[in-house]
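Sending over a structure as structure tokens; questions will come in a sec.
In order of appearance the chains are A, B, C, D, E and F, and numbering begins at 1 in each one.
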């Protein structure tokens, strides 16, 4: 059995919580494709390209992990690359309902796709891309919350020194 | 990569919701071991033996699924059989907190063990062994909620027709 | 259209929160049957008879409310008395999941039965029969939480005064 | 007793989950008024008129259901049409808190108005107007999630074929 | 021991629920600083100045309560004024997760800062600045939900009379 | 202002999560009384005396912390020792509802008593006395979850080594 899993997200930017989850899933599945959503509605802080670059740098030592980007329906992308698992991190109650709704809808759109939920390390339980951007924008320290490379880029965006 | 997953539970008795989850996980992992907890504190309706028998009958057509039983710490059993994944079904908010607590504690007891949460089909979202036993005890119909074999055995326990 | 609703519970004993909900539902439905569960497993503080008496006294001024008792499956009782609605109070997250599970299972057992959830007054949001009994047992005041009659009976049980 | 119930919402557009709930409530109450909110702040995909038309077509076989539209406070509309019940669907934890807040506030604004919560069929538990629009916008199939008529109109909006 | 606590918020405008919490915390801590967030992203209904004025009027009889405003990171403000406690009201499940996330992040940003959660009176459990503004905008009565002074100012904004 | 806080619980046995919360509250309040509930209904693993001894050893370096035991209503004990604050740890959704119910009831029983909720360190978010006892009973390691002294006593109870 060869199981390809997809870990979708905006990754605007990738955090250490995301990386923790990528590492954990890479130990369980034969291949993990980190899939950057090229969302056109919301205005991301980083471009698709930048978000993919930061991810690629962060996962370069993980042999069975690759980075891709997609637009449109997630299940269409999954069918295209012949994956069978969607990986989602769960941390908390407010995510939970939305995550279940998406998992059930994705199962309806493609019955062969399964969503599995995994827990990031407790140290990252309060971490989100949104929160990291807010703290960086207000000049707070984000060391230890994101990879060094991402920290520098955020500093560039918000003129931190 | 060969990934062995464990799906632990009391299975007193196995329901169609459990079977749905076993089928789903058998499509994702190389081997799935359904592990019956020989709990000594609570008094189960069916013996360890009976619970394992009902499971074995229910999964006999799934090539990569086996049934085992264990006592003691789940992580010790997992280490012993060289598995790396614990599978848990999630349905609802009240489970959720307890499930997270167990997953974090199991990770602490054995850092190489990962818990993944999966969703049963919606039709089984309200199903539990406890509820099935209550309905059977009051003479209600449980057809479609458990395998036929289990239905008969429950009928025997509660003297239904 | 004539709609008969059932408000089931243990009512061990009835609280002002229950009465608030009975009054609210009596304004919406043609007839409300308060149905005392004669549960044989748990040992209630008050007998079926006592629980029904306290309820009857509490609702005697509500013309379209009656008190009954039942054993066995709730949906069988509902079918027997030709009711179509189950009324349940909701207050909080921990109830909520259980309530949904029961509502879905009852719908499965009898497709013509609908469960509606209603909110008690905020002043009763923390009130439960269990909590009232605990406070009374420890000698605390329960005035305003239960009808006067119930307060006296609880006093008798716990030798208050 | 004659009980008029109001089922308020944006219905942008109506889904099969809404219709399921309308059918269920029409079996419990003498009259059900489906009330389309003419919200001026958010920009809906369909106009008030279109949303009401789709609803009217969907409920035309239900004798005791009518469609209306309203602006301003819901409780003012309810007082005006002499209704006494607000019907709300509940599916999940994230809705739940908001729903309770609104129900308590509406009770404060008009003490004679009661909110009752009802469960849609499980098959619709993950369904929302927002999700339907997102899937349609990305070219996914929404067959079985909305009435045929609505499916065509969404196709027109998003140029699906 | 002298404990200075901070109660941060947008207070756009202050409600009776906020005031209830300020009064409760003023009985526990030596000094309570109500800290108005000068948020630049969202457009508030009232200016910083107005929001602070309404608060000052509302707390003028509480000897150990002062009003201040801040921009930037909350923990920086707290360090600057040598406070050690953040006070947050909790009412409900949807707040709860966000509140925990913020509390853990603030603890990470400044290990000497502790967040304590307190409950407003039940009568205010459904109250929020956002809801008050919505009701006022639609011409509903907000008497008893906000101080008189705030009621007048909201009337001015929305031309109520 | 002198604020005496009470941290009530069964402490059967005290865990490092409890100690973390005691240390945090000792930094906020003038005096913290850790109050061991002498519950007569449930059978604790350790006697009142043992539970108090383990606590006393654990807090002996905290100058403003004392250990006491109580039976009966918590609010009566609080009134007796002239405290004004109840401290409770919150970790998760399933606790949360129960905690709110108790806090509101305690406020009703004594209007001068305020409950504040505090967060233990994330590392202890999955820790409970019950879980510690279960792991110890099954022969798992509890090092780092409880004080050394407690670990030895648990070993004695369960014949570990």
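Everything below uses one rule, namely that a contact is a pair of C-beta atoms (placed from the backbone, for glycine too) under 8 Å apart; a residue touches a chain by one contact, two chains touch by 3 or more.
Being a predicted model, the structure only gives us computed values, none of them experimental.
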Listed pair (D-E, C-E or A-B) duplicating the B-C contact set, over half by residue number: D-E
Maximum centroid distance from subunit F, chain identifier (CA atoms): D
Centroid-based (C-alpha) most distant chain relative to subunit C: A
Interface numbering overlap (same over half, different under half) for subunit A and subunit B: same
Computed distance of Cα centres, subunit F from subunit D, in Å: 48
Intercentroid distance (Cα basis), subunit F paired with subunit B, Å: 34
Approximate Å spacing (C-alpha centroids) for the pair subunit E, subunit F: 30
Rounded Å distance, subunit A centre to subunit F centre (Cα mean): 39
Multi-chain contact residues (two or more partners), subunit E: 93-94, 96, 100, 104, 122, 125-126
Chains that touch, pairwise: A-B, A-D, A-E, A-F, B-C, B-D, B-F, C-D, C-E, C-F, D-E, E-F
Residues of subunit E that touch subunit D when the two form their complex: 92-95, 125-128, 131, 135, 138-141
Subunit D-touching residues of subunit A, taken from the complex the two chains share: 72-73, 75-76, 93-94, 96-98, 100-102, 104-105, 108-109
Complex contact set, residues of subunit E against subunit F: 1, 3, 24, 27-30, 64, 84-85, 90, 93, 96, 100, 103-104, 107, 114-119, 122
Complex contacts: residues of subunit C adjacent to subunit E: 93, 122-123, 125-126
